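Sharing a structure below in structure tokens format, with a few things to ask.
Labels run A, B, C and D following the written order; every chain starts at residue 1.
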Amino acid sequence: MTEAARIHPGETPEQHAAFEARIQRGEKIEPGDWMPAEYRRQLIRMISQHAHSEVVGMLPEGEWITRAPSLRRKLILMAKVQDEAGHGQYLYHAAETLGATREAMLDALLSGQAKYSSIFNYPTRSWADVGMIGWLVDGAAIKNQTMLAGCSYGPYSRAMVRICSEETFHHKQGKEMIVTYARGTAGQRQMAQDALNRWWWPALMMLGPHDADSPNSGVLTRWGIKLKSNDEVRQQFLDEHVPELLEAGLSIPDPLLHQDEQGHWRHGPIDWSEFWAVVKGERGLNRERLATRQQAHQDGAWVREAMSAYAARTAPTA
Amino acid sequence: MTEAARIHPGETPEQHAAFEARIQRGEKIEPGDWMPAEYRRQLIRMISQHAHSEVVGMLPEGEWITRAPSLRRKLILMAKVQDEAGHGQYLYHAAETLGATREAMLDALLSGQAKYSSIFNYPTRSWADVGMIGWLVDGAAIKNQTMLAGCSYGPYSRAMVRICSEETFHHKQGKEMIVTYARGTAGQRQMAQDALNRWWWPALMMLGPHDADSPNSGVLTRWGIKLKSNDEVRQQFLDEHVPELLEAGLSIPDPLLHQDEQGHWRHGPIDWSEFWAVVKGERGLNRERLATRQQAHQDGAWVREAMSAYAARTAPTA
Amino acid sequence: MSDPALSVAQRNALLLRLATLADDELLLAHRVGAWTGHAPILEEDIALANIAQDELGHATGWLELRRTLDGSDPDQLAFSRDASAFRHSAITELPNGDWAFTMLRQYLFDAWEALWLDAASRSHYTPLAQTAALALREERFHLEHTALWTERLALGTPESARRLSNALEELWPYALGLFEPLPGEQPGIDADLLPDVTVLKERWLMLVGGHLQRLQLTPPDTAPIPRGQHTPHLGPLLAEFQRVAREHPDAAGW
Amino acid sequence: MSDPALSVAQRNALLLRLATLADDELLLAHRVGAWTGHAPILEEDIALANIAQDELGHATGWLELRRTLDGSDPDQLAFSRDASAFRHSAITELPNGDWAFTMLRQYLFDAWEALWLDAASRSHYTPLAQTAALALREERFHLEHTALWTERLALGTPESARRLSNALEELWPYALGLFEPLPGEQPGIDADLLPDVTVLKERWLMLVGGHLQRLQLTPPDTAPIPRGQHTPHLGPLLAEFQRVAREHPDAAGW
């Protein structure tokens, strides 16, 4: 899969070779440096998609801010959703270092052109979903982000380091919630188990298609953007989370789940048709999530206009 | 004193007349609007001087952050000095709307070209000085700033509204401190009285020379920048503060202080030679204050360089 | 600096006022928190989440203080009381409305709260004075933020000015209601444990009035809507607020 | 959700840990507060004043909690204790040094504190859990701010990288010392009232180690400087800190 990278008009194989040599040496690529147009394009795609995921990711959990069942949980959830907004900000900034503009990226999101992680198209049906998202979805995201923290593009790598350190809190808080509920009343236990039943497979799928079905991986690996394959990251996720879930006394909804001879946890076959249906918006809340963001954007139009008008009044003139 | 405003080359009397008519009608002048070059110059001078006063004004009280005698006072003092930094920021922004740059303004301060309020060249000798500054110096400043909140230049006027509302807290806190100490132990009372003895005359003088000796007032009044004369503002200050100080049981160090037939408090003769000596830096801590700011600026040079170098790495390229 | 021994009337006065403070902040935090993910710009999602957390933190502070006085459990009070036991002002239960409404409500409330905290930071009841001094810092950041927003909207476009002016029309009588004296609070005021709200009202009118005047906004000439008078929005609000907790009445903890 | 009845050993464990927390934050707030007016840019005068106020607020929170356990007066503890009665780690008494030293100390301390608070927000002693959850929010903002500054300095100029690396050399053994177990704390840990600092140390090494590695900084291989071991800076620090209060031993209040 180490296919040669596409050489754009105006670029030379020598430039590409020098660029790839830098990456081989473990150097970080910084905004002012020469880089292939395709490298730039792929990064903008990935980073903006990642930013959009944070922004849309505020919605499923955000719904529960008004329903959190204790003062401490309410505070923690507000802080978590706020962090997601902050992560979106970091990531938009990182994409801006490649020449993308926030406005164009937002337009692409709202018009449905740009993607975001389809995990956020699943509904949150109970309060325990908030904990399960923290434990499984943030747990999976951390595995992925830890990998990306080593990526070749400096600003993305650094954004990942910062985001990872915050996600670690979310992950611990989510786990702690579920562990508490799994030991709690019958109603709390049931809520936790039900959340696991619904989030288990989506969490596995969010780490992306099997390596054999992953179209962009070759060149992304060669350029040091993607340092591990989807299946490798998924394996790490499984090996960490399966024992912890079992220890919490929950059952994982996969009858074929087992440990292999090396001690790695192996999952049963994944129903990828569901994954693709959600990605394409044929299932899940894609339409609703976008509508919510569009509504917020539209409701805020007069506010942004007022901001600009006010700024124009107080801006320095030459 | 309503001398005609200076008409610069390239400006016409008609422009001036239209401009002054706007001010007569009570309109605010906004950054994009036409304005006489002299109006712009005077405002930049005043606003930057005001900003510098906030920045230098952090020093005399800031020295006491490390010595505040209770947790609550330490917190309040930190917040107050922080507010002064914030006011400096607002005001630099307001001056920037007129085309001044922060860098040039700071250079002018550090090189001694620009002025700041000479009240901050008096030393703070005891903890009670912090309270006395809050009560008298902020009290005098509020009178001046309330007047400036009505001034014709929009961004300055609005900055003043915001600053005044914060200063009101400082003023109350300062008064409350002194009133407490005036009722406290013999040592506290003595400290409060001593602070009043040292700050009374400087506070009266900080509102500026008598109207007869005030060179810029004519045109500033005509342009709606200065809505009251120094003596009018000083009278307001006296009428509010004298009764409160007396009620607190303190004696005001002016044997000729008395109430006139209309009930206004009249002070004895002011020793303006001291005022001008402090303004010119012949007395007081002008040299030390500037040296402190210069030192901070110089110590921070490598930090600002590191910031720029880092920003350059992560800035978008075209 | 030690706490004076409290008389029964003084202790009751403190409990009364703490109840109104905690409930106001709880409900306001709840309302403001609902903006997260829906604000006009991402920066304001962050800012509002921050304000909501601060207000919730203040509510927790008042409830913890109450715990030291009467042993009550903060979560119990927040999540298991019926509507009739809440002591907030209706201004905090009103739905968020548009951005102008949200910002103006927050501004009017922040100004009231900052002045109350400023006065309370001099309370002779030291635990209250400490809690107030800490909360005051945050409140003044809110006030700065919301004062700037009301300014932006007032001086922005005709649309934003119109919306702000409508919000003022609606909010003003509720805001005035914050200053209605609490029956039973007087013994706390007399002992310098609690601020006198009638004195605060004058300061508030000067602070808020000056700001509004500068922005060419005129409050309507209406009577205050006192605490205790509620709107039809309270029921649904509490149903949402307490929903999960009430579904699990046997839960020992969350 | 109600507080468990505390045994004598548990109560003592809480008091011990509260003393270290409060003293660390008091002294750090004192040091950081001294930057106000002297920072490299005006924005940082504001940011540092903010951090200092937060840390002082946390100190006050711990002291208030202590008051509920043993009736002690927070101001009395802060302003009238002798050096030998302070329980902070020496990392907080060191002078500010240059900007790199200040920012790195703050970063290392913030990471420790955030992890401690995160764990403590799950304490079975509810008043501690509430106070910790509230402080955690602010601490994470500090951590973000100081992580960014260490990044800026590490990746800025050779000069800034050199200064940061020197600071790391000096600070590391003190930072490790924050994790030395407190004799007497175990009963609190066993009862899930207090976090186990040895567990926190692993998380801290991962969090801080990852950040430093990314910035190509290597901590020195040195032994921890335990709490209780002080530097010659403590005497002058307390002389300044307590100067006004000690000049007026008869003052009833400030």
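Here, a residue touches a chain if its C-beta (ideal position, glycine included) is under 8 Å from a C-beta of that chain, and two chains touch if they have at least 3 such contacts.
Everything numeric here is computed off the predicted structure, so don't read it as measured data.
Enquirer: State which chains count as neighbours of subunit B and simultaneously of subunit D.
Expert: Intersection of subunit B and subunit D contact lists gives A, C.
Enquirer: Just give me the whole-number Å value for how far the CA centre of subunit C lies from that of subunit D.
Expert: 32
Enquirer: In angstrom, rounded to a whole number, how far apart do the mean CA points of subunit A and subunit B lie?
Expert: Taking the mean C-alpha position of each chain, the two centres sit 50 Å apart.
Enquirer: Which positions in subunit A touch two or more other chains at once?
Expert: 70-72, 75, 79, 86, 158, 313
Enquirer: Listing for subunit D: what residues touch at least two other chains?
Expert: 1, 53, 57, 60, 74-75, 130, 134, 137, 151, 252-253
Enquirer: Testing understanding: with touching defined as stated, what is the shape of the graph linking the protein chains, line, ring, star, complete or other?
Expert: complete
Enquirer: Can you tell me which positions in subunit D touch subunit C when the two form their complex?
Expert: Those residues of subunit D that touch subunit C are 1-2, 53, 57, 60-61, 64, 67-68, 73-76, 127, 130-131, 134, 137, 252-253.
Enquirer: Spell out the residues on subunit B that touch subunit C in their complex, using ranges where they run on.
Expert: Residues 70-72, 75-76, 79, 149, 157-158, 161-162, 164-166, 168-169, 172-173, 176 of subunit B touch subunit C in their complex.
Enquirer: Write out the stretch or stretches of subunit D touching subunit A in their complex.
Expert: Against subunit A, the touching part of subunit D is residues 1, 114, 118, 121-122, 129-130, 133-134, 136-137, 140, 143-144, 147-148, 151, 207, 210-211, 214.
Enquirer: Quick check on the complex: what are the subunit B residues that touch subunit A?
Expert: 30-32, 93, 96-99, 154-155, 158, 312-318
Enquirer: For the complex, give me every residue of subunit A touching subunit C.
Expert: 55, 58-59, 62, 65-75, 78-79, 81-82, 85-86, 88-89, 92, 127, 177, 180, 184-185, 187-188, 292, 295-296, 299-307, 309-310, 313
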